[in-house]
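Everything on this sheet refers to the single structure shown next.
Letters A, B, C, D and E mark the chains in the order given here, with residues in each chain numbered from 1 onward.
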Amino acid sequence: MKYLDLKQVQKRLNTRIVKNNILQYIFLLATIFGLIVLAILIFRVFTQGIGFINLDFLTGRLSTDANRAGIMGAILGTFWLMVVVIPITLIIGIGTALYLELYQKNGRIQSFIQTNISNLAGVPSIVYGILGLTIFVRALDFGNIVLAGGLTLSLLVLPIVIVASQEAIRAVPQHLNEASYGMGATKWQTIRRIILPAALPGMLTGSILALSRAIGETAPLTVIGIPALIIPFPEGIFDKFTALPMQIYYWTLDSSLVDEYANLAAATIIVLLLLLFILNSVAILIRNKFQQRY
Amino acid sequence: MTTNSESNQNTVPVREMIEEKKKSRNLSSVTEKLVPTILFLFAMISILTTIGIIWTLFSETVEFFKRVSMTEFFTGTELNPLSQNPDFGILPLLNGTIMSSVIAMLVAGPIGIMAAIYLSEYASDRVRRVLKPMLEVLAGVPTIVYGFFAFTFVTPIIRSIWPEVGATNILSPGIVMGIMIIPMIASLSEDAMSSVPNSIREGAFALGATRLESTFKVVIPAALSGIIASFILGISRAIGETMIVTIASGSSKNFTFDLTQSMQTMTAYIVEVAGGEAPAGSTIYFSLYAVAMTLFVFTLIMNLLARYVSRKFREEY
Amino acid sequence: MSLSTVQESITKESPKAAENIVFDTRDLNLWYGETHALKNINLAIKERDITAIIGPSGCGKSTYLKTLNRMVEMIPTVRTSGDIKYNGKSILNKGFKVEDLRTRVGMVFQKPNPFPKSVYENVAYGPKIHGIRNKKILDEIVEKSLRDAFIWEEVKDRLKENAYGLSGGQQQRLCIARTLAIEPDVILMDEPTSALDPISTLKVEELVQDLKQDYSIIIVTHNMQQAARISDRTAFFLNGEVVEFDDTETLFSNPTDQRTEDYITGRFG
Amino acid sequence: GSEEDTENESSGNTSADNNEEQESESSSDESSEPENEELEGSVVIDGSGTVYPLMSVLAEEYMLNVQQGVSVEVSRSGTSAGFEKFLVENGTDFNDASRLIKEEEKAKAEELGIDVKELKLALDGLTIVINPENTYATELTEQQVIDIFLGEYTTWSDINPDWPNEEIQTYGPNENHGTYEFFYENILEEQDLVESANLQQNYSTLVTLVAEDPNAIGFFGFGYYDNNKDKVRAVKIDFGEGPVEPSLDTIAEDGPYANFTRPVFTYLNTVMAKEKPQVLDYAIWVMENVNDFAGEAGFAPIPEEEAEQLANDLKELK
Amino acid sequence: MSLSTVQESITKESPKAAENIVFDTRDLNLWYGETHALKNINLAIKERDITAIIGPSGCGKSTYLKTLNRMVEMIPTVRTSGDIKYNGKSILNKGFKVEDLRTRVGMVFQKPNPFPKSVYENVAYGPKIHGIRNKKILDEIVEKSLRDAFIWEEVKDRLKENAYGLSGGQQQRLCIARTLAIEPDVILMDEPTSALDPISTLKVEELVQDLKQDYSIIIVTHNMQQAARISDRTAFFLNGEVVEFDDTETLFSNPTDQRTEDYITGRFG
């Protein structure tokens, strides 16, 4: 009994293959679309700002005079923010993911925390700004120092890190865990030696996206209140500060007062993008080195 | 440790060594008990965050509703917080938020998923390793940059094609927001699709399936929960996006479905009020919290809905 | 892959390179990056025969099988040289439609790999992509295929359940059913019974012998008894080479190569 | 060119050796020379975004050339938000304001025992701007401006039949800005703006909108006009004695543009000033030098005597 | 799981419930959610014996084996009743340390499941988690274990390479080596040779018989010849029940139950 008519199949096959080939190019175009926009954006920013990047600009202090202004203070501010954000989000994020995926057996509690996290991931950054202002700046009386900003940004990106880490843990095949438990390994040993190494690349992907976001985030910092003019460099996480995106924000806003500020903003964007690029490259190198299909 | 002669099978008395070590393994049993507790505390931080947000927003929102009735707030189509006879209807803001998010997702959804398909199913390893990080750069561009990009580049282009579009409008920031969200959807969907085991793809190819067929009929269904999760994050990002809309859509509080018009989103309203001259204790100051609370509840409801959907489609392999 | 770019297509009516030869392999070499996994393979596989491939672990049996439907291309580091003709057409051509080849040449894998879908959808997948939409016909195909794979009785009440709930053996038989559903010309089987119990194994063996009437079957197996029981011809692989290829009876009773004899008598390794 | 160069050099030199030279340059030397003390610590300023350009220039000059050890931080949350941070225990030292302190705010200060000193800094002229393509409406009477923004005229030809029959589009900063408040309270005398008025939060947006719309007419502070003369055109206003163009000269306290002019302030927490010498020193320095910097930031200076008086008041706090 | 909460621990010196009985299963029942997978199992497995478990696909062989080292608990829907005593101690107690149990009771799985680590690290994993850090001792253990699993020659030059590069058969023998590295008392094997070629299979069978001197071995197999060849006692499972459990010779030559006879003569199913 033949159900498949070979001639029909043959005929259809050509359309199927053509469809596949055409869509392949559409998919490629879709991928490239984003890159084209990015190229235009970067081109505009570069042509506007590249002429203003020089050593004085990079290492100089902030100034209201466009000819003198430098962004070392903002670079250091961003640096100290990351010193707070990176360890906190990685430790708490991966910890929470491990707890939810591997320790919490009670489905109700698990699903409660999970719902809570995915909801937090959707809470707009400006709301975190209000939270940070109320809790860190005012209630704990930190003032608008790096620590307050860093903690606020940490809370903001934590859900992203948690969700990505969970996905990565889930992608580790169950039979690897079985093999480890079968050797008499304890839960923590299995996590540390099998699950974490296998899941780390996926965790890094999520963390990269999260940190990129934290570095470029403006809205919560505006709510926390970053001085528009602060000249001394921050020397630690307890100092007041400005950060690169804040500087871009202020300069773009004030470009209607001083035209050159728009160029300074463009130059600062270049620096910020470069910073993100370096950070991403390092992390992606790590990720590619370990990525594995089972 | 003494090594026995060749003839003896047990050159290393592993079993004895393990017994030996076990006695000193009380430490590790402490670890085993301590770890869950520590991890539990970590997990509690996200709960505390939510409590913190609700507590912060709620107390001020209550104050607001003492002055403005819920009915007016939720059904009013007029928002003139500073005029002599202020109106506090949130509908214009809700409308602006929904419009911009829908436009953004119409851009980011299809393009993001297509990019994910390309990267996961069609691109060679080499190409993927180059393209994916490049795409991720898009997500790292500060939103303030996108805002001025929308206002000074995209809007003029749109206006040259479609002259009715205003200098400030919801269409342009919506599109740019979509572009910003593409990498988030592409990257996370690609991760979900990549973790579908290769053996399953092989099964499809062995039946004569084209890549397209194996992708749409096997890989995507298998990765659906991850893909939906990426959409949720994308939508949340669109709803919460502040700077782009603030700059490119202006601050008119229009209640309309006309894409060509300026509209204000909830987030932009918060920025406007928070950075403005509203004295603490005034109704408009409290309205900031009421809008923030609405925004919060809005994302809560949407996430619960999306979670329900994603769980329904979850596949095990 | 070093492939010529001539666009070709196979139809059943095309003239055959050699009478009755379905797969003609000439000087095939294959490398995984640096590893030379197949060395100068020359094999002519007859139509409507059951050809068994035996050999020790790692000798390249799976690799050869996967070359026949070009699944081996999925691994990016693979390079080949030489030629394989399917019904007289070179299949290693770049322009050759692999989808067409794979529709004609079905495959059952070593590890069961059902789709994360329902039992029914697993079997209906092939017919569906080939354009069969009619629900009634699909139902018929699914039932027939599952019956042929001797799994119908076990799953007929759980057709809508996810295939991952089945035991290993059940999963493997489902995968066989899935392949049967597209009614290929040739069926490649990579140790299809290694996860099956003897009863199911016997049934599958019976089935394979049944199918021989309409299909050419190439089966990789570790079980020499199985090879002896069911196959017409047997190839013995060693370190990526074909040591001996002959009628099964001759090969097992009267091997010409010393290594073959050593292997089948278990003296080898 | 050469001026900048010298400035750059002096900004690069922060060592103590340079102190004498800088002090002799700085105009505050008379007051601070006798003590010649090196101050340190921080001065925290928040408040109006309108005042910010002026205050930030002053702060930077002070940090660079007067007291290198002092860090003056200037924020700009807005007048009211700034008062919130000002009127608390351990609040900010100064609050910039584009309006006078309100009664409630005064009451709050008293309650907290904060003695507030009002310092008038400069004058801002509200500028009416139109699109550069608009070559007809370059002169308007005060009443015409008011009527345009109240919606009495819908088209340009309603004002003058020779002008095009095109709909007038009105623009301005939104309710969040002190500029709006001034326009609404002092010029429109608390009558509502026309419904169709396009009010923006962001000045860049506002400037672009006016620059792109040939039928636009808008209002904002002189500083924003001053920097965008190539994009928008200022309307000469006739207050009854002929058209007056807004400029740093006309925006004087009793100048011809006075009707559209308002003062801007900063408020000093005198409790802080007594506790922290750098705060008081900065306050005095600001009042002694503000008129030298007002023009640079787009403001007109206040009368010299008034500034001196305020500086002397401050010195008595010591 | 319905488990009592008495805290217990096993030491080798503890008195045995019955002389020579290493695993004593009493009235064991097991459910996967609604599926009743094991029904009233009673089995007493002797020390230093090779016990084979045979039966058709889906009859619960793997499930039973995984209950013996409590790996079955990994599936959340599992419930059990009844009792299993290991060296006289009830292992289904909640307070019982599963890690201890699993150190004593090693397991080789149906599908090869090496870690995504190097060959060396795969074998050294067990000793390392149990606290052996000395590099020299680890080297010795790794070499010995790989030799015992008859894979040393094939991998000795690629100890640092990822185990996923090995063929299926090589992977499985690596997994056996990994288990041998912690020298357990009992080794559970779930069709350990189903992915191996006959040569390797024979070697593993020899190895199993070798190991019998020191270890108790429980082996699930589809290959009745294998069960007959190597095991001392054989249990025949059917639909989650033990149909017959006897000396291998008796069971194969003289089964008491009709179903057993049907099965081993291939008449059954």
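A few comments on the model shown:
In this section, contacts are C-beta pairs under 8 Å (C-beta built on N, C-alpha and C of every residue); 3 or more make two chains touch, one makes a residue touch a chain.
For clarity, every value in this text was computed on a predicted model and none was experimentally measured.
Shared contact partners of chain C and chain E, listed by label, are A, B. Of all chain pairs, the one linked by the largest number of contacting C-beta pairs is A-B. Chain A and chain B have CA centres that are 12 Å apart. Each chain gets a centre from the mean of its Cα atoms; for chain D and chain E, those two points are 84 Å apart. Between the CA-based centres of chain A and chain D the separation comes to 39 Å, rounded to the whole angstrom.
Separation between the centroids of chain A and chain E, computed from CA atoms only, is 46 Å. The residues of chain D that reach two or more other chains are 77, 202, 204, listed in rising order.
Residue positions 197-198, 208, 210, 213, 271, 274-275 of chain B each touch two or more of the other chains. Looking at chain C, one finds that residues 99-100, 103, 111, 129-130, 182 touch two or more other chains. Pairs of chains in mutual contact: A-B, A-C, A-D, A-E, B-C, B-D, B-E, C-E. Of all residues in chain C, only 9, 11-12, 97, 99-100, 103, 127, 129-132, 137, 140-141, 144, 182-183 touch chain A in the complex they form. Within the complex formed with chain B, the chain D residues making contact are 49, 77-81, 83-84, 102, 104-105, 174-178, 181, 190, 192, 198-202, 204-205, 208-209, 212-213. Those residues of chain A whose C-beta lies close enough to touch chain D in the complex are 61, 63-65, 67-68, 225-232, 240, 252-259. Considering their complex, residues 1-4, 6, 8-10, 12-13, 16-17 of chain A touch chain C.
Here chain D touches chain A in the complex through residues 4, 7-8, 11, 46, 52-53, 56-57, 59-60, 63, 71-77, 85, 202-204, 206-207, 223-224, 227-228, 298, going by the rule given at the top.
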